[in-house]
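Here the chain labels run A, B, C, D and E in written order, and each chain numbers its own residues starting at 1.
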Amino acid sequence: MKRLINLAPSRGGRWLLGLLPFLLLAMLYLSLSNTRLAENPNDRLLPTPSTMASSFYHLATAENVRTGEVVLWTDTFASLERIVIGVGISALIGLMVGILNGGIPIIRAKLSPLVTVASLIPPMAILPILFIAFGTGEAAKIALIVIGVTPFLIRDLQGHALRLPDEQLIKAQTLGASSWQVLLRVLLPQLTPRLLNATRLALGTAWLFLIAAEAIAAQEGLGYRIFLVRRYLSMDVILPYVAWITLLAFLLDQLLAWVSRLAFPWYHSGEGDKS
Amino acid sequence: MKRLINLAPSRGGRWLLGLLPFLLLAMLYLSLSNTRLAENPNDRLLPTPSTMASSFYHLATAENVRTGEVVLWTDTFASLERIVIGVGISALIGLMVGILNGGIPIIRAKLSPLVTVASLIPPMAILPILFIAFGTGEAAKIALIVIGVTPFLIRDLQGHALRLPDEQLIKAQTLGASSWQVLLRVLLPQLTPRLLNATRLALGTAWLFLIAAEAIAAQEGLGYRIFLVRRYLSMDVILPYVAWITLLAFLLDQLLAWVSRLAFPWYHSGEGDKS
Amino acid sequence: MSLLAAKRLEKHYGNHVVLENLNFSVEPGEFVTLVGASGCGKTTFLKMLLGTEATSRGSLTLDDQPIPNEPGPDRGVVFQKYSVFPHLTVLGNVMIADELHSAKLLAKSFGAAKRRAVEKARSRIDEVGLDHALSKYPHELSGGMQQRLAIAQALMMRPRILLLDEPFGALDPGIRQDMHVLINRLWQEQQLTIFMITHDLKEAFELGTRLWVFDKTRHDPQAPEAYGATITYDLPISRDRPSAELKEALNQGGMKTHSQETLL
Amino acid sequence: MSLLAAKRLEKHYGNHVVLENLNFSVEPGEFVTLVGASGCGKTTFLKMLLGTEATSRGSLTLDDQPIPNEPGPDRGVVFQKYSVFPHLTVLGNVMIADELHSAKLLAKSFGAAKRRAVEKARSRIDEVGLDHALSKYPHELSGGMQQRLAIAQALMMRPRILLLDEPFGALDPGIRQDMHVLINRLWQEQQLTIFMITHDLKEAFELGTRLWVFDKTRHDPQAPEAYGATITYDLPISRDRPSAELKEALNQGGMKTHSQETLL
Amino acid sequence: AAPAQAQEQDEFSVCWSIYAGWMPWAYADVEGVVDKWADEYGISIDVVQVNDYVESINQFTSGNVDGCAMTNMDALTIPAASGVDSTALIINDYSDGNDGIVLKGSDDLADIEGREVNLVQFSVSHYFLARALESVGLTERDIETVNTSDADIVGLFSSDTTEAVAAWNPQLSAIADMPDSNVVYTSAEIPGEILDMMVVNTQTLADNPELGHALVGAWYEVMGLIEADDENALTIMADAAGTDLEGYKNQLDATYLYTDPAEAIELMESRELLETMERVAEFSFEHGLLGDMAPNAGGVGIETPSGVFGDEGNVQLRFDPSFTQAYLDAQ
C-alpha cells in the first residue's frame, strides 16, 4: 500500500470526487428543507428547489407591469455596470500610482505611508463622508468600490514593481532610457498582466462593497434585491440570487484570466507567478 | 542631475516626505470643516478637532450611569473579542484544511472545487441568511467573519503547501516518515508562519465583516456604536472611532508580524517570502 | 544475486520517450556516477530508483523484488537544492530521522529517547564537520555546509543505497573538493552503494568505481521525443587518469564538450 | 590619457570594507577578466563602473572625469540573469534601444523610423545567430540564446565599454564555448573595452588580454569585515597557455582551488 | 424552535430595535423589570436588542425569538403574511409626528412630485408616504422611491443629491435640524394609524400564557415611571437610544404613548382599529406585500375584538386585549 500522500486520484476520479461534497451539501439541504416544510408548509427559510426555480424563473422572465423591465436583468446590468466601472477606475488608479510608487523612490516615500494607512480604514465606517462627497447616486456606490479596492491594488502593484529585478532597470538605462521611458517601457508593460491578476483577486472585495453599497441606498441591483426581499424572508429569491452572483463572479474572474493569457503569453509561461 | 528613478530620499527625508500627505489632508479637512461650520454652526458633518477630542475623551472616560462601563472600552473589547475568535477559528480551519488539501491529493480532489466555489460567494450576500440561521447572538457575527475569511486562508495555505519543494516530502519519506508524520513535521511547521502572514492579509477583510455584522445586530462593539450614532450623524463620534479602528487594525497587524519574526526566524531571513 | 537490476527498462511521459532499453545490474558497494547531456533523463532515472516515478515498461528490481513504488528509509537521497528542512536547526535536521522512527505518533522524542537521539545525531554531525553549528538554521549556513548537513541527514537511517542528484553542482570549486573527500570516506566507512549524477566528468572519474553515460542512440530530428536515452557507456573506473582509449570513446559518443571542458 | 583609471579607490557598506586600495588604468580596447572568491566584491566593482554604486573614497575616472553616478548608454552591460526584457520578443528586445533613442516621448517608433529600427536590429540579431527566432519571447529561448540576445541588445547603442557579470555562468559547457567565440569576435569587430567577471579561470585566460585577481591582502579572523579585497594580481595574458611562473604565483595567492580545478 | 413546535417551555426571548416608543424595553431589560415579572410567573425572558429593525422582525418570523416589537403594518406583511400566526399583545403607542416627510428647498408637500424619495421601502414609511401623497392628490407613480437603510438616511440627507426623504425618529429629528430641511408632513396628521406593538407568536402565547402576563406586567410598570416623568428612567432610555434626555423627550412628544392600559384596551376593541388594518391591508396588497398567493387584500385574515377582516379561515394576525385586561384587573 502506498502512503496516503502518494496516492493521486485519476483524472476522471478527480472530477467525481470534486462533485461529491456538492452532492452531500445538496442532500443535506434537501433533508433539512423537507423537515422544516413538513412541520410548517408556509415556512420560507429553506424553500424547495422547485419553489426557488419558479421564483427565479419568474424574476428572470416576468416583465414589471409598471416599467416593462425584467427584474433579474435590470438588477444584473445595474450591478455589473457598477462593478465594472468601479473596478475599472480602481485598476487605472492602482496601475498609475503603483508604477509611480514602485518606480520613483521619492514619490514612494511620499505616498507609501498614506496608502498603508488608507488600506487599514474600513470604508464602511466612513459612509456618511462618502455621501457628502459623491452624492447618493451611482457615484457613491462606485466610490465605495474604488475606495475599498484601490489601496490593495496599489500595494500589490507597487510590490510587484519593486520586485522587478534591478537588472532590468539598469539595463534600460544603459540603453539610454530616461526615467519616463523606464516607467513606460519597462514597468508599465510588465505590470499590466500583474494588474489583471491583482484585479481578479480584488473582485471578491469589489462584490462585497457593491452589495454593501446597494444595501444602503439603491433602486435596483443584485444587492438591493437581496436586502429588499430579506424583510419577507424570501429565501426562494435570496438563495438563487446568491448562486447567480457567485456565477457572475466566477465568469468575470474567468474572463479576466482568459484575457490575460491571451494578451500576455510571456507572463503566463514565463517566470511570472503561477497563480 | 540624476534620473528621477535613481534619486532616493535620505532616511530623515523619507520620514518627512511620508508625513507630508497627512498634513495636506489635515489642512484640507480643517478648511472644509471651517467653511461648513461658518455657514451653519450646528453642522455635524465635519466637526472641529476639539469637538471630536472632547467627544472621544468622554467616550473613553465617562462611566455609563447604569452599567458603570466605559463605552469605548466595552466596544473595543467586544469587537476585539469577536475578531480574535473569528479570525482564530478561521486560522485553525484554514491551517487544517490547507494542510490536508495541500498534502493529500485525494482530499484535495474532494475539497478543492468546493473551496473555490465557496470563496466566490460574496459573504455580504448571505448576511441575511446568517442572522436567520444563527440568530442574533455572537455566533452569527463570528460566523460571518469565519465564512468571509476562511476560504481565502485555505486557498493561500493550500497554495503554499503545494509550492513546498517536492524534494522535502521525498526526503522525509526516505527518512522513514509516514503520511501523518510528513504532515506533522514537514507541512505543519512550515505552513505556520505562512498562516500568520495570510492572517495579516485577511485582517482587513475581517474588520469589514465585523463592522457589517455589528451594524445589523449587536448591543455593543465599535461597528455598533458607529451605526448607532449614525442615526444622528454624530461625526464627532464616528471619525474618532474610525481612527481608533484603524489604529487597532494597525496594532493587530504589527503584533502578528512581531510574533512571526520572533517565532520563525528561519522563515523571515530564509527563502520565505519577503512580505 | 545483485542488489539492483534492470531489464529492458523504459520510461515514457505520454508520447515522450525519456529512457529506453536500460539493462544493468549493480552489486552492493559500487559507486556509480551518471553523466549525460542536460534533459536526457538522469534525474528521471534516479526518481525511478527512489520510487517517486513509476517504470513504464521492463523491470527494475531491488534484491530481485520489483522496486517499491515509493521512497523508503533503505534509499537515502541528497538533492542539489531543498535537501534540508529550512525550519529545523542543524541538530533538528539530523535528529528528525531518529524521531520519525521512535515516535510514530508525535514524531518528536522527549526525555531519555531525546537524549539518545541527540547523542547519535551529534556524532553524525561531527563526522561531516558541522559540530560548531549545531543550533544554526540552514539559511545561516553556506551552500557547502548545507550539503554536508543533507548528507549527514540522509545517512542517519543507514540506508543501503544513497542517491545523489548533482549534490555539489551549486558549490564553489574549493568546497567541492572537500566534499569529495567527505563522500569518499563515508562511502567506504559505511559500505554504501552510491548513485551520483554530475555534470562534471572529472568529478565522475574521481569518485566513481563505475561510470554510466546516458545518451540517445537513435535520434529523429523531426520527432526529437520519439526515442529515449539509454546507457551508452558503462565503464569501470580505476583511480588513475582515464586511459586514452576511454577518451577516444567519449569523444565519439557525444560527450565531446564535456570531455573537452574538464579533461582539457 | 587612459579610458578608465582608479586611485586608492575604496568601497564600504557601513563598517564593512568591501574593496580597498584599487589602483589601475585601463586603455581602450582592453579585455579585462576579473576573478576572485565569491563575495569578494567583483560585482560591487562592476556596479561602480556602471554608476549604480557610489565610490566611498578615492577616485574613479572615465576619460579623466569622475565616473557618472548613474548608468548611461556609453557603458553596456550583460548580467548572468534578468538581462533581457521578458515582455518583449527577440526583435523587440533589440529594437528597444533604438526606440528609446529616437522617440523620446513614447519610446516606440512607427512607420519609416520603425522600419529602419527593425532593419538595424535584424542585422544585430543575425550577428548573434538568432535570426530564426525573431518573434519569440525570452521564455521560449534556451539560456544560451537568452545571453546572446542580451549581448546583441547591449551592443545596439555601440557602447564604448561592455560590462559582463558572469554572463556564461549558467550555461552548459558546450554552449559556453560558442559564446566565447561570439564575444571574442564582437570585441574585435567593434573595438570594445570589456570587463568580464567569471568564476572560470580557464575562461578568463581564454578571453582576456588582462587578468585581475581580487583578493584580500590583510585578513583579521576576528573581524572579517574590517579589510577589503583589492587587485592582488594584474597580469597581461597572451593567448598561449599560462606560463609556469604564473601558475606558481596563483598557487600562492589563494587561487589554489580555482587553478587546481580548471587548469588541472 | 419552529413556531408550530412551540409547546410548554419556560425560557423565552423577545427582541426590539431602537425607536422612541420601544425604548422602555431597554429600561425594563437592564433594570431587571422584565426579570422581576418573569420570576413572578416562573419563567425567564431574554430581552434582545437588534440594531437593525428589519433583522429584528426576521428573527421573529424565522422563530428565533418568541416576540418582537414592530408596527401594525409590518406585523401584517412580514410574519402574518409568511404564515406565522402572530398576536399583538401590547399596543404601546401610535406615531404622532414620529414619522415625517422632509423636502429640500420647499415647504409644500405637493412639490414632492417628480422627486426621488429615500425611504425604507415597503416599511411603514412607505405606507405613510402613500397616505401623504393621497392627501395632495398624488400617487406613487408621480415619484420614485429609493430603498435606503434606516441608519444611513441622515447621512444621505446631507448629500446635495438627496431631494426628499421619509423617515422616522430619531433620524427624523436629526434631519429636521439640518439646514434647508422642511418637514412637510408628519404622522400627526394621521393619528392612530401607525401603531407600535409588541407582537408574540400566537401558538407560544396560547401554550404559555405566563409569557404574555409577564411582558404586559413589565411594560406597564415602566409606563408608570414615564407617566410619573421619572428622570432617571428617561435618562437611561435616552442613553440607550444614543441621545440625551432632552432629545429623547422631544421624540416622546411626537409619540402618543398608551401609558394607561385602559386606553390601549379601548383602542383594541374599537371599530377604528379594524378599519385602519383594512386600509393597511389594502395598501399592502396593492404593493404585493401580502405575497404572490394572496388573492385579495383579505387573503391574510386579521382578527380584532370587534371582528375579522378578510379570510376567516386564514387568520394570522390577532389583536388580543385579554392580557392587558388581566393586568388591569389585577391592579
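To be clear about the criterion, contacts are C-beta pairs under 8 Å (C-beta built on N, C-alpha and C of every residue); 3 or more make two chains touch, one makes a residue touch a chain.
This is a predicted model, so every value here is computed, not measured.
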Set of chains whose contacts include both chain E and chain C: A, B
Top chain pair, ranked by how many C-beta pairs fall in contact: A-B
Distance from chain D to chain C - Cα centre to Cα centre, in angstrom: 35
Approximate Å spacing (C-alpha centroids) for the pair chain B, chain D: 48
Residue list for chain A, restricted to those that touch at least two other chains: 3, 6, 45, 127-128, 132, 173, 178, 215, 227, 230, 233
Multi-chain contact sites of chain E, meaning residues that touch two or more partners: 58, 62, 152, 154-155, 158
Residue list for chain D, restricted to those that touch at least two other chains: 52, 70
Sites on chain A touched by chain C in the complex: 2-3, 6
Residue ranges of chain A touching chain B (in the complex, touch as defined): 3-9, 13-14, 17-22, 25, 45, 103-106, 109-114, 117, 119-129, 132, 159, 169, 173, 178-179, 182-183, 204-205, 207-208, 210-212, 215, 222-223, 226-227, 230, 233, 235, 238-239, 241-242, 245-246, 249-250, 253, 275
Contacting residues of chain C [partner chain A, same complex]: 52, 69-70
Chain E partner contacts - residues on chain A that touch it in the complex: 36, 39-45, 66, 127-128, 131-132, 134-137, 140, 215-219, 224, 227-228, 230-233
In the complex, chain A residues that touch chain D: 165-168, 170-178, 180-181, 184-186, 189-190, 264-267, 269-272
